[in-house]
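Each of the next two complexes has subunit A plus one more chain, namely subunit B in the first and subunit C in the second.
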Partner chain A sequence: MSFLTKALTLDRRWIFLAIGIVVILFLLIPITLPVDVTPESQGVYDTIEALPSGSPILVAWDFDPASKPELEPMALAVIKHCFRRNLKVVAMGLWITGAPLIEQDINQVKANGFQNKKYGEDYVNLGVKVGGYVVVNTMAQSIKDAFPTDYFQTPLEQLPMMQNLKTLRDFPVVISFSAGDPGIKDAWVPFAHQRYHCIVAGGCTAVSVSEFSPYLQTRQLSGLLGGMRGAAEYEKLVDAKALATKGMNAQSFAHLMIILFIVFGNVAFFLTRRKRVQGAEGPRVQG
Partner chain B sequence: MIKRQVPLVLTFIMGLWAVVAYFVPHRYVADPAQQFQRWYLIILAFTTVIGVGNLIMVHGEKIQRRQRGWGYSVILIAMILLMAGLGYFGNVQEGTPYYWLYQNVMSNLAAAMFSLLAFFVASASYRAFRARNKEATLLLVAAVIVMFGRVPVGSYLYRLIPWVGTHYPNFMNDLTGWIMNFPNTAGQRGIMIGAALGAVSMALRMLLGIERSYLAASGGK
Partner chain C sequence: MNWTLLGIWIGALLTLCIYSFLYKDNPFYKFAEHVYVGISAGYLLAQDYWVQLRPNLFLPLWNDYAQGQVHFGFIPAHWYLFIPGILGLLVFTIFIPKVSWMFRYTLAFTVGVFSGLAITAELSARVLPQIGGTLRPLLELQNGHVSPWETFCNLFLVVGVLATLIYFFFSKEHKGFIGAGAKLGVWYLMVAFGAAFGYTVMARISLLIGRMQFLLGDWLHLMR
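Presenting the complex of A and B:
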């Protein structure tokens, strides 16, 4: 079998190995590549920055541990921004398997410079409620109907911050970190934004960016953080470079490796095709 | 007749009420709609029980018959019962055994499973992105531009190109943005409109009782 034929039928385990080595290598090598901020990520930053100090903000953890590597870094950066702006954060989620992530992430941000933030006064964790857009609709009439107690089983009446926050309409801005459905597309934009006129912004996994771009164009989403790149951009905006910035180094070179493989595969494809056309010997290889 | 007709009538009334309540804010319409939504959340909780019960039945049968892979079924059922028990009889917050299992087992395994996609995408890209014809070439070029432009190293390397990189430093970012915001968005919008029209059509069929696949086998005939 010629080298070109072997190249076209390369065992995918070699590709897996190459990607694995590149990712591990560039996670360990401390390179810092400059990250350019896109208008979409700037939109999320500007939305939060425009809120007066002390305003309430609803932040939804609509993801599970599978999407944690992409969405958790952006959640940490956004919560840091909210705490820095002294916004009153009400945290919740629509994905049952993401419930412990909410408290974990808030505690992680608190431990890094925001130990003065008090539960019940500066932030509240409502926990998770399954039901997708029905939860959003229910919250629009009464938050207590959807969440009678918070994550720690405390009735909402006993939380000082929730005294003036009765419905979804009391929140000018909703931020959702969305790994799929339920999330931005089927719950927050059609209901919180379209029906109840909240400003909605958020973040999503990189594969979902393309399906949310129509909402950005129509301003139904005021901003969107796309995958780890979006998280790295937000870390740059809030001046808190962390996991996402580090992860982008590995992702950068993994992308380069994939591009090199694609170029290599196409070169082998064209050379094989030319040989076949010229009547060279060798098996007919399907591209 | 009762098994067939009652569910269809209920579906029609509840579905129509939900649609009308979206447009009519009057309390005689909106308040019952709100109550229906509370019922929905309660019923949803019961579907979790059905789901878990079904899972245990399927895997229990697999264990009983010693089918291939029955050992994994034992682990699955054991972990379901363990996590449910720890959560129900204990606490789920930081410092508890439930949290430890969530943080150190489930979270990491779930992230690892999703991360496997990166390797499969790399392998699929190598095989799929071949310039066999004009359309495939267009797809290949667009994919390479977006892959290159969406990572910091892409902009960095582009700016090293003599003259072009210094006189038009944002061209790579702008080109990537243009591909995402125009051709991609146009295609996505078309897909979304098509899917929405299909959903409206299906919903209408279900409301009017034409589509009955959601009923049990005997009731759906």
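Presenting the complex of A and C:
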């Protein structure tokens, strides 16, 4: 059996091992590849930057721990940006399994230079409510109807920041980090943007980028962070390089490895096919 | 006891158990899989109580009775909360064959509300704006001059939409003009599938990176 034929029947576990080694290696080697900011990511940054200091902003954690590596870095960078711009952050989520992530992420950002931010005055965590676009619609009538209490079971009327925030229409901008449905596509764009005229931007997992991109073209989304790359771009924009920037090194080299595997696999397939075809035709020619 | 450290160790060992499946199916993987399913179910049940049932149903009714906000001595001020409460309970009739038909009321209510909201939203947010987004000028002007790149992009988009629609038009045999259009549509579809697959690879590698960052950073402290 030739080398190429052997390569075509290679046990897939060797490919898993190779990808694993490349990822581990380039997470440990301290190099930083350049990250260019795309107009889609710039759109999210500009949307937040355009808000006057002290404006309210609704940020939705519409993901669960399964999508944490892609969406959490962008949530951290966006919250850092909001705090830096002194925006009043109202955090919430539509995914029940993502409830603890909101508190964890806000506390992480607070611990890194924003200890002065006070709960109830600078930010509020409403917690999670299941129901997708029904929740968004209810919030458009009354936030208190959708969230009678915050994450800590405190009635909303006891939180100073919520005194002037009664409905979804009080938020000029909604940012959603969306791992699927419910999220940007079926809750925030159709209702918050289309029906209640809020500006909607956000981030999504890489799998969803091609699905969400048409909303950028129609300007129903003012910006979109796509996967870990989008998170790394936002970390660059807010000058806070963290997990996504580090992860992009490993990501780039893993992609290179996969491209090499695909090219090698195709070359091997076509070369051996030619041999197979010649081998099959051989006896016929002689006969 | 350092609970965070214990959590990191449990997380790391369960991650290794799950990844062991890449070599072959084994008892460690099965153990981690069952733990995951069990904990997820329990967690969802607890969250449903604390996030949905307690603040939206039990607390308002409890407060009504505790604070004496009742009509005729027994009807609470939030009496209308009994309607979703009863509809929720009706779901459980599915386990009793004789009265399982009652489950249909809950189903009908849910389908009705969700369709009423979704149909208008679908049209106003997805169908119409996306059709509008496809109606592009075939000659794009910028400052009174034709912009060749923008014009090309618009043509590329419009031709792509038409070719892909032709591919999905099955009432006429794909021959001649229709056949050529369908073939072009296939090329557009292949490019779209390629882009989607590329993003899928990126997403999956990101998940691997996330786990490796946890193992190398939080667990082994090897990452700076």
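Here, the second predicted complex is superposed on the first by the 279 of 287 C-alpha atoms of A that agree within 3 Å, B and C clash if a C-alpha of one lies under 4 Å from a C-alpha of the other, contacts with A are read in each partner's own complex, and residues count from 1 in each chain.
As a working rule, contacts are C-beta pairs under 8 Å (C-beta built on N, C-alpha and C of every residue); 3 or more make two chains touch, one makes a residue touch a chain.
Computed from a predicted model, the values in this text were never measured in an experiment.
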{"item": "First (subunit B), second (subunit C), both or neither touched by A:P148", "value": "second"}
{"item": "Which superposed partner A:L243 touches (first subunit B, second subunit C, both, neither)", "value": "second"}
{"item": "Subunit B versus subunit C as contact partner of A:L256, first or second or both or neither", "value": "first"}
{"item": "First, second, both or neither for A:F269, with subunit B first and subunit C second", "value": "first"}
{"item": "Which superposed partner A:V130 touches (first subunit B, second subunit C, both, neither)", "value": "both"}
{"item": "Partner chain in contact with A:L10 - subunit B first, subunit C second, else both or neither", "value": "first"}
{"item": "First, second, both or neither for A:N107, with subunit B first and subunit C second", "value": "first"}
{"item": "Contacts of A:G20 with subunit B and subunit C, given as first, second, both or neither", "value": "both"}
{"item": "First, second, both or neither for A:G120, with subunit B first and subunit C second", "value": "neither"}
{"item": "Overlap of subunit C and subunit B interfaces on subunit A (superposed complexes)", "value": "16, 19-20, 23, 66, 68-69, 97, 99, 129-130, 134, 137, 195, 206, 209-210, 214, 217, 229, 251, 254-255, 258"}
{"item": "Subunit A residues touching subunit B - in the complex, by the definition given at the top", "value": "10, 12, 15-16, 19-20, 23, 33-36, 38-39, 64-69, 97, 99-101, 103-104, 107, 129-131, 134-135, 137-138, 141, 145-146, 152, 195, 206, 209-211, 213-214, 216-217, 229, 232, 248-249, 251-259, 261-262, 265-266, 269-270, 287"}
{"item": "Residue ranges of subunit A in contact with subunit C within the complex", "value": "13, 16, 19-20, 23-24, 27-28, 30, 66, 68-70, 96-97, 99, 127-130, 133-134, 137, 148-149, 153, 186, 189-191, 193-195, 205-210, 214, 217-218, 220, 226-229, 243, 246-247, 250-251, 254-255, 258"}
{"item": "Subunit A-touching residues of subunit B, taken from the complex the two chains share", "value": "22, 30, 34, 37-38, 40-41, 44-45, 48, 92-94, 99, 102-103, 106-108, 110-111, 113-115, 118-119, 121-123, 125-127, 129-132, 140, 143-144, 147-148, 150-156, 170, 173, 177, 180-181, 184-185, 188-189, 192"}
{"item": "Partner subunit A, residues of subunit C touching it in the complex", "value": "22-23, 40, 43-44, 47-48, 51-52, 55-56, 59-60, 113-114, 117-118, 121-122, 124-126, 129-130, 132-133, 192, 195-196, 199-203, 205-213, 216, 222-224"}
